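Think of it as A, B, C and D in the order they're written, each chain with its own count starting at 1.
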């Protein structure tokens, strides 16, 4: 049974090189194990969707890549995660440097309570660029890339909070682009948006995938099917730890899943 | 101007922040240790149980001072508690959004920021002079009631508001009147919070000087009635430090004060923790 | 009967609530009723801008005391803002659980120490130290340092709450862009918490302006204009407490008038902090 | 919960009982006298009260400070039975109360113990307090600025000092101010190069009393009239004293009372 149409795309992944390599990943919050023995390759310049029922550790998994879990004192990560062949949890790894390379877009649009311009310029400024004309250029380029320039070019110095929800989320994407990351993590970026805004973001994602490696967590299976090149299905084991059930090209996961649990999930039998 | 790299500024900032924290600890330690080191050696059973000799010689102990402080606390709390709880009940259980309520809220907010010496002036004008109470325990206590009422109301109101609405609904649904619901459900549940408010008020009575300086008189004798004057421990510290050369006795009295305040702080922390754990237990459905 | 109690109790608690309203009214009434005639007799301008306070000679100028109060308060703020804000950031963002468990009771205890104890330690320990810098030690500087210790907890705890109240999302967004922790604090958290921080400073200011006994003990109480931090001065509050027991007639009323001026200061400060705190709450909900 | 409330009400009941006990101080042979005012008179009044209540154990005498102005006011307003003043009544005050001179007191000019100067003329004292002399070297001391310490406006000691020494000149605004004899003594004892004025009753080794016009500040010199700064200590009552208040004032003026006055370092009036 097939409920979801997978969009056929000619462009597909631009390459087959592995950007991020995860081997034997275990994540704990105190005594609770949130993720168990995850092995996954993220392909460069493609979109990888992570799907699965609530509470199976999808967001936690995403936060492994830019070490946002470090903010939780009880969090402990085991295993190997490599970005371009270098371990990101190694002792010498600079978290700040890592987060410049791995950007993140959050579930709810979270622009700072500053102007549109200052929001986009925030990252470059923090990384030491205070040249006005360079900043203007970066802001314009990033907003164009995030398909927001036309709507905001006249109100760059107005508060970012005056934008609509969809615009705010694209602003957050522009803000990430301004830092020139290699990987963009998106944690349910459309869950707080209406369908039209969602569509705009999805178009944007496809567009960005030509240059960036994108990992997206989504609840919305249609969305995963529409935008992603590859899909990873997460599930909860009996002790509530998240496990990776199956991973592969999106078409295959949605049309010909190998695992019974995946099939049940994508056909909407539960979840 | 060369810009400092983000990493250097991060390191520098953290050093400064820890420095601020360290300095705060140092200030407290300096005060507490200085007072205790200079005062504790004077504290003994005799010091606590003999009255000060004369008002101004600085010799003798602090027995009458302790008694006065205790009396003042009892009288103040005795008047403060019903009024404060009553007002808090009105604000949390009955108040509607009307002019009177807004006035009351504004009054509570404003009164909380008025300095103690203004209360002192007021108490002096009203209780001491106009009502002919003289410099006395009752004048001091009434002034303190005015001073402490805003905090008492606020803390109690918070405690009442923290009681889950479901409790009240359950009680009302069983046919209890509103007052019965408040009396038998809301108040008992808020009791630890109210107790905290009372203890905090007790602490304030002990700490207060300025408003008592102009309403309590300052007699070092044992009070015989609520119309007697007197001095509290804090006032005694002031008189000893300012009017006598007995810095050792002043330090000893200050040490007694600090010890009491530490005990009160520990007790309120313990109470509020109990209060909090009681609520988490409720929310998790345990009894 | 049950109904009657139910209905009566409502009025009883309303009465209790109205008492606070009555007290405010009574305070305003008594202070103003006693102070206003004095202001009328002396003349408001003469009273507030007069530079000589000699009640015996019929001269009632409180400008030196206004300057004294402002100088001591301002001095204490210069010292307390960096310290208090530093502690607030430390407690809210940086310190681990253990450091926090240690530091928070320290701040709480600083609130609880009676002001006479601050005054006593200031008098015995601080004044002789300040004397080494010149002057006689009883000075605006000594007063500022004592006040700093007293308002530090106010600034720390309210600023800490304000910083904590900044939505988590801001913090994460900034960190996720590769900003360092300090950059996140400096450029995201502090700007977002600025209303609350401002309120904490204003409240601290109110506490400093209102402090009485500790000021009498360390500031020297002279009635001249302080021209350096090492000069002695007198505060508005000190003026009231020192003289109320000795005053009679117009002199006494002039002290109530001093109370009016003090009350005006406090009400302005309270109103500012009231609105600042409301704004900060509103911002964080948005 | 009911138990807690039971405890509460017991507590409240005992509080009420306490309040009643505190108020209840009736009895035929007993009574209460309240005295307030001058801090100069306060230690003396405390001693007199202690001696009087020792003989009449059912009498309570509440002795409070507040200052001379306060003492006068309290007596007029009926807040206290007896007001204490450490200065002569002002002309406008004189008609409103009945005065009783219970003792006389010298005012000493005191300096920090380390001060080398030990004698000043009355004129020099005046110039120092008026701010005309600001350095000790102008009066034969070291080259150090003089720290002038004064009592508050309204203080009886200050009033008497102004009347007898300042003679119309004003005390400098540069002075530090304290509002009791004790506070002033503490301040002088604590600040090098300071000078102040103090009731004889408060003199001790922590401060140094200067000779005035060559006359040392002693009770003998004050009594013989050689020492120039002496003022009366007064009890005032609103009307002619009667009953208990009269008993107490008579006691103060008795031989026994005046012995206490001398013992405390003041001058007896008999």
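Criterion: a residue touches a chain if its C-beta (ideal position, glycine included) is under 8 Å from a C-beta of that chain, and two chains touch if they have at least 3 such contacts.
The structure presented is a predicted model; accordingly, all values stated were derived computationally and were not measured.
The chain closest to the protein's centre is C, with centres computed as averages of CA atoms. The distance from the centre of chain B to the centre of chain D, each centre being the mean of the chain's C-alpha atoms, comes to 33 Å. Separating the centre of chain C from that of chain D, both taken as means of CA atoms, is a distance of 34 Å.
Centroids built from CA atoms put chain D at 82 Å from chain A. The mean-CA centres of chain B and chain C are about 17 angstrom from one another, to the nearest whole unit. In chain B, the residues touching two or more other chains are 6-7, 241-242. Taken residue by residue, chain A touches two or more other chains at 96, 126-127, whereas all remaining positions touch fewer.
Touching two or more other chains at once are residues 123, 179-180, 183, 245 of chain C. Taken as a graph of touching chains, this assembly has some other topology, since it is neither a line, a ring, a star nor fully connected. Across the assembly, chains come into contact as A-B, A-C, B-C, B-D, C-D.
Of all the residues in chain D, the ones that touch chain C in their complex are 65-70, 72-73, 147, 152-155, 162, 170, 173-179, 187, 190-191, 193-194. For chain C in complex with chain B, the residues that touch the partner chain are 2-3, 5-6, 9-10, 12-21, 23-27, 30-31, 34, 82-87, 89-91, 94-95, 99, 102-103, 105-110, 112-121, 123-125, 149, 152, 156, 179-183, 185-186, 203, 206, 209-213, 216-217, 237, 240-241, 244-245, 255-256, 259, 262-263, 266-267, 269-270, 273-274.
Remark: chain D residues 1, 4-5, 12, 15, 18-19, 22-25, 32, 34, 36, 39, 42-43, 46-47, 60, 62-66, 74, 77-80, 178, 180-183, 185-186, 189, 204, 206 touch chain B in the complex.
Against chain C, the residues of chain B that register as touching in their complex are 6-7, 9-10, 13-14, 16-21, 23-25, 27-28, 30-32, 34-35, 82-87, 89-91, 93-95, 100, 103-104, 107-111, 113-122, 124-126, 130, 146, 149-150, 153, 177-180, 182, 203, 206-210, 213-214, 234-235, 237-238, 241-242, 247, 250-251, 254, 257-258, 261-262, 264-265, 269. Listed in rising order, the residues of chain A touching chain C in the complex are 66, 68, 71, 73, 96-101, 103-104, 106, 108, 110-114, 122-123, 125-127, 161, 172, 175-176, 179.
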